[in-house]
Amino acid sequence: MQKVKVGIVGGTGYTGVELLRILASHPQAEVTMITSRSEEGVALADMFPNLRGVYDLRFSVPDASKLKTCDIVFFATPHGVAMSMADELTSAGVKVIDLAADFRIEDLDVWSKWYGMKHTEGKLFDKVAYGLPEHFREQIRNAQIIANPGCYPTSVTLGIAPLLKNNLIDVTNIIADGKSGVSGAGRGANVAMLGAEMSESFKAYGVAGHRHLPEMSEKLAQIADKPVSLTFVPHLVPMIRGMENTIYATMTEDMSQEELQKLFEETYKEEPFVDVMPAGTLPETRSVKGSNMCRIAVYRPAGSSQVVVTSVIDNLVKGAAGQAVQNMNIMFGLDETLGLQQVALLP
Amino acid sequence: MQKVKVGIVGGTGYTGVELLRILASHPQAEVTMITSRSEEGVALADMFPNLRGVYDLRFSVPDASKLKTCDIVFFATPHGVAMSMADELTSAGVKVIDLAADFRIEDLDVWSKWYGMKHTEGKLFDKVAYGLPEHFREQIRNAQIIANPGCYPTSVTLGIAPLLKNNLIDVTNIIADGKSGVSGAGRGANVAMLGAEMSESFKAYGVAGHRHLPEMSEKLAQIADKPVSLTFVPHLVPMIRGMENTIYATMTEDMSQEELQKLFEETYKEEPFVDVMPAGTLPETRSVKGSNMCRIAVYRPAGSSQVVVTSVIDNLVKGAAGQAVQNMNIMFGLDETLGLQQVALLP
Amino acid sequence: MQKVKVGIVGGTGYTGVELLRILASHPQAEVTMITSRSEEGVALADMFPNLRGVYDLRFSVPDASKLKTCDIVFFATPHGVAMSMADELTSAGVKVIDLAADFRIEDLDVWSKWYGMKHTEGKLFDKVAYGLPEHFREQIRNAQIIANPGCYPTSVTLGIAPLLKNNLIDVTNIIADGKSGVSGAGRGANVAMLGAEMSESFKAYGVAGHRHLPEMSEKLAQIADKPVSLTFVPHLVPMIRGMENTIYATMTEDMSQEELQKLFEETYKEEPFVDVMPAGTLPETRSVKGSNMCRIAVYRPAGSSQVVVTSVIDNLVKGAAGQAVQNMNIMFGLDETLGLQQVALLP
Amino acid sequence: MQKVKVGIVGGTGYTGVELLRILASHPQAEVTMITSRSEEGVALADMFPNLRGVYDLRFSVPDASKLKTCDIVFFATPHGVAMSMADELTSAGVKVIDLAADFRIEDLDVWSKWYGMKHTEGKLFDKVAYGLPEHFREQIRNAQIIANPGCYPTSVTLGIAPLLKNNLIDVTNIIADGKSGVSGAGRGANVAMLGAEMSESFKAYGVAGHRHLPEMSEKLAQIADKPVSLTFVPHLVPMIRGMENTIYATMTEDMSQEELQKLFEETYKEEPFVDVMPAGTLPETRSVKGSNMCRIAVYRPAGSSQVVVTSVIDNLVKGAAGQAVQNMNIMFGLDETLGLQQVALLP
């Protein structure tokens, strides 16, 4: 079988280098083109020393006519770029996975408000699927464009979906307290993300609202099949990779710890990348560092009507590049785990 | 004026060395005795290299008769030790501050259940005050024994008290999502707290319940003057010092962001160690590293009935040794800020 | 072809879990037995959460008769254990790789002095090879026991060997300034390695001498074919994985930067796991995090007779488990890179 | 006595905020003016949250005529700025301390080569002293301009001076292997210093030469009273504050460990900020975090002619702002330790 020819637009950030790391061990895919306006002509290995000896590629200027030689193009770009090329590429039969937010929110008024630009490509949405395989696999299989989910939405949605789907919680008051490592802020020069600033400190951020909130609200509502009211506060953790969300909801039905445990295990028993932790244990982010796993625990604090879910992912893998490769595998009918079987790096 | 003579029982842990650091710059106190069974005869400066040239003391074996030469004795010990000596010391006119939990919970059945030992000193509770000066200052002034609050209870109580006191929130469903640096776990050898284990990872812990929960429940109920139901999930942050709590509650009265801001500023306007952040900003733990400040922000997420409070302290200072010195200052009629005016170390 | 059956004795430390991580992706090897006296019966996945779903093994008590069913046994144990079982295993045709130090030093008096125990197995040394493939590959191919090198000796020897082999430096005064991440100290409970102790600090250690010094001295002398005098000072870096050595020597022949660069590139041009960095660049440890690569730079400071070499490895991979698997591949005539092609995790 | 009126030019970087932190507890000095072109009008407390409630100052545009109202002006600026204002200020009787490099190197050709600009103020050098009090105290007392030393030169010079002054080592081949925390790189936005880049990594840098090398070479030669040949390789440590230098030299006289220990203790016995560690121990950077101490150990590796010195400082305190305040104290005839008695923050 011929390998899938992969193009990457915007390969100089953390999701770009992570795509390259993952695809290096993918037996059925080959990166044939990587673009960056600012780094034209630079060898990949000169920018990312971990790739020395792995790739013999140089950055080229993005050019839709050349990208059409690929079978699939990943956009690891700022918001708005995928939107500008998706029509041309998909019309030529090239599949598109956008790791930015261009196709994540179907309500384009909401999208425009949060992303501060006009959305011009509403017409493409019938080609689009939201790339969370565990809950939208069929749509992904048939889509030409994948809106690869944000990292917080991936972790939160996987954690809360079993409760929403089974109508077990009060949807008017769900709380997600999110924590992310600093790679989530990207590779741009930024004083607040200097090591001397963010190390040895912890803080909430995004008081004015985080763009992942409307994305989560829309997807959770689709899963619950009714509107959902979510309070979401993200925090910055002094580590490179990893994300944890602790989710609080009020149960509308009284289920025991055992019943909840069983529900979660049932929901995800066929999923290769969701691991429900044994009752009485909690996941730590290092257990997924460098891997595509999401590990989830559910528990009921004694003497309360609350249910608490904790959900961890590597924000750059299941929260970005790994999930994108998982989506690619589904789109091309490949084994969904190809390239994604690396064990987390511990310690 | 003669200096207050200070004894420290159990000075080999992090709260012990932090007491020593703080008292080194206190103009009205002098450490005259420090004890440790295991380190008898060892020079302080050999155990804590930052104290080289600062103290010329050696650890001695704890001995109540010798401790009676002090004006005040701090217990930086495991739970149960202060209880065993408090009666003898206070009967001799020596004041006691317990940095452990022996006197934190008035309901001794609850205490015994969480701390796994019998409480033998219920008779002393009329000498005890809970050492959170911002809400129990008068009691502290007149007490002979201070139950120095836990770190989580300090940060959470300071954050939520203005809402409780003014009867503004639904007390049946308060959520505190807590995050602590690793010094909170103490200086005992422990595989889970090795640098190679806890660095670059984040996790919730204490699924079976954290001992600070009953302490908070009791104190919040005292402040609210009615029972309070709190869901509390602590998390471990890969940093040495610092604690943040994000607190979620449902408002029972509709107050605007501006009104809430004003309420918090009014509540704490005379307090030297509570700083209400300007509206629209959030505190970070590094802004209090090494300092006795608690910084708090309050905000209302758009379109919801929730109020969110974030509260940061240095777990070893306002969460332990600094607050203990603040309590000592109050007990001895000293300026409450003596020894506590160090600026946080940033970066 | 049948897979190589692998046993691991002492699998509860960092080299044990790293062997498991690496072997999980090895297409020609299968871990069939893992032992630990203290953890008998415990599932691997319960001890190391990154291995959940990867291995279905439990720790068993080490038993030579059962280990003989393996083709090869790795010892990830304290010093002295491999020595006690190597004769029995190799006599039964089982190959042995010792990741501890039992067979690293041929001069057994030196060994006994540094390791504080008698060496009883001198008779086995004709079955032994020092497992640094780049300089001892033929011996490894024919050995039954591999002394897997220490992490510092691996990095230092790879860095300095090209100069020693070509007789270019003064061997009476070589300096190696070594720096290691904390995973090198192992997974034992140890106050000095707590996150609250080692984070945000840097120090030299081992003033009384480090056990890797006599190992390096012996191997460097073998490579130079004359005695070598090495000053070695190790340091502890506040990070989990990674090791860097900066090596200083005085040139006895005047070679230019270009000639040195060429010499190093020639020396290692066929080696899959040694990467000579381009002139003018220096390697960073993160470029090898999780990978079996050693990256080396050589340069001549302007206006001096010194040559400086910097050499980085992941102490747990090329410095331990990865090199052990590389040695296994050589011993079994497999492609030397099997299981070892993972790209370093960056960021 | 009236307080010394202090102006700070360029107060938005790490040395600026550190000056402010230290001066906040100085009983005889008062910051009356702080300037920044880019932050004009911004309140100090809005830029540095640790200073909330401590200072009520705002940044103003630097203006020599206003700065003349100060008794002393600290320049925490890029290279070249102090040079442009020093003549005017000192002519008006204002003392100047430059924390940048404008007056550190007397050989102006060397200076121009390394700093890439012309030095226009050679005429001022008779007002200048090199601000390393332990070796240039008399000159500092009488100077109007202080060249505050670089961080590496401070640590290396304090470590090696006892050997140089007593003519005990071969000056043709001294090696300093330096390691610095990331705050040394400053507060500018810079991809390489992002937390996601520098955390969990260690590397040598400055292969083309570091500007502190010529500074050290000149000062060490002054102390030795003959030319000195130094090989210097700096490294970046994944921590915020702290610097360690390990210095290697060949002894020309055979001194025992005991004699060396005694020599170092004698040299620094009157110095409040240099601490010679007990024989057999090594200093760690956390023992000086936030403090003005330099801690030094000297030892002789067994069976070699080498002497090894390790020297640690906080790069922002003894390596910058603390030493500047120490110099100010000397210039104004104050107790040299004023404002500088804070105990290092440990853990």
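Residue numbering begins at 1 within each chain, and the chains themselves are lettered A, B, C and D in the order written.
By our rule, contacts are C-beta pairs under 8 Å (C-beta built on N, C-alpha and C of every residue); 3 or more make two chains touch, one makes a residue touch a chain.
For reference, the UniProt names are A, B, C, D = N-acetyl-gamma-glutamyl-phosphate reductase.
Small disclaimer: the values here were computed from a predicted structure and weren't measured.
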Can you tell me the least number of steps between chain A and chain C, where a step is a move to a chain it touches? 1
Measuring centre to centre with C-alpha atoms, which chain is farthest from chain C? B
Distance between chain B and chain D based on Cα centroids, please, to the nearest Å. 36
Could you tell me the distance, in whole angstrom, between the mean C-alpha positions of chain A and chain B? 39
Whole-Å distance, chain A centre to chain D centre, using C-alpha means? 46
Which positions in chain A touch two or more other chains at once? 14, 181, 183, 187, 196-197, 199-200, 238-241, 283-284, 286, 289, 347
Once bound in the complex, which stretches of chain A touch chain D? 14, 181-183, 185, 187-191, 193-200, 238-240
Residues of chain C touching chain D in their complex? 173, 175, 177, 179, 181, 196-197, 199-205, 207-209, 229, 231, 233, 235, 237-242, 244, 246, 248, 250, 280-286, 289, 297, 299, 301-302, 304-306, 308, 310, 312, 347
If you look only at chain D, which of its residues touch chain B in the complex? 14, 17, 20-21, 24-25, 48-54, 183, 187, 199-200, 240-241, 275, 283-284, 286-291, 293, 295, 316, 341-347
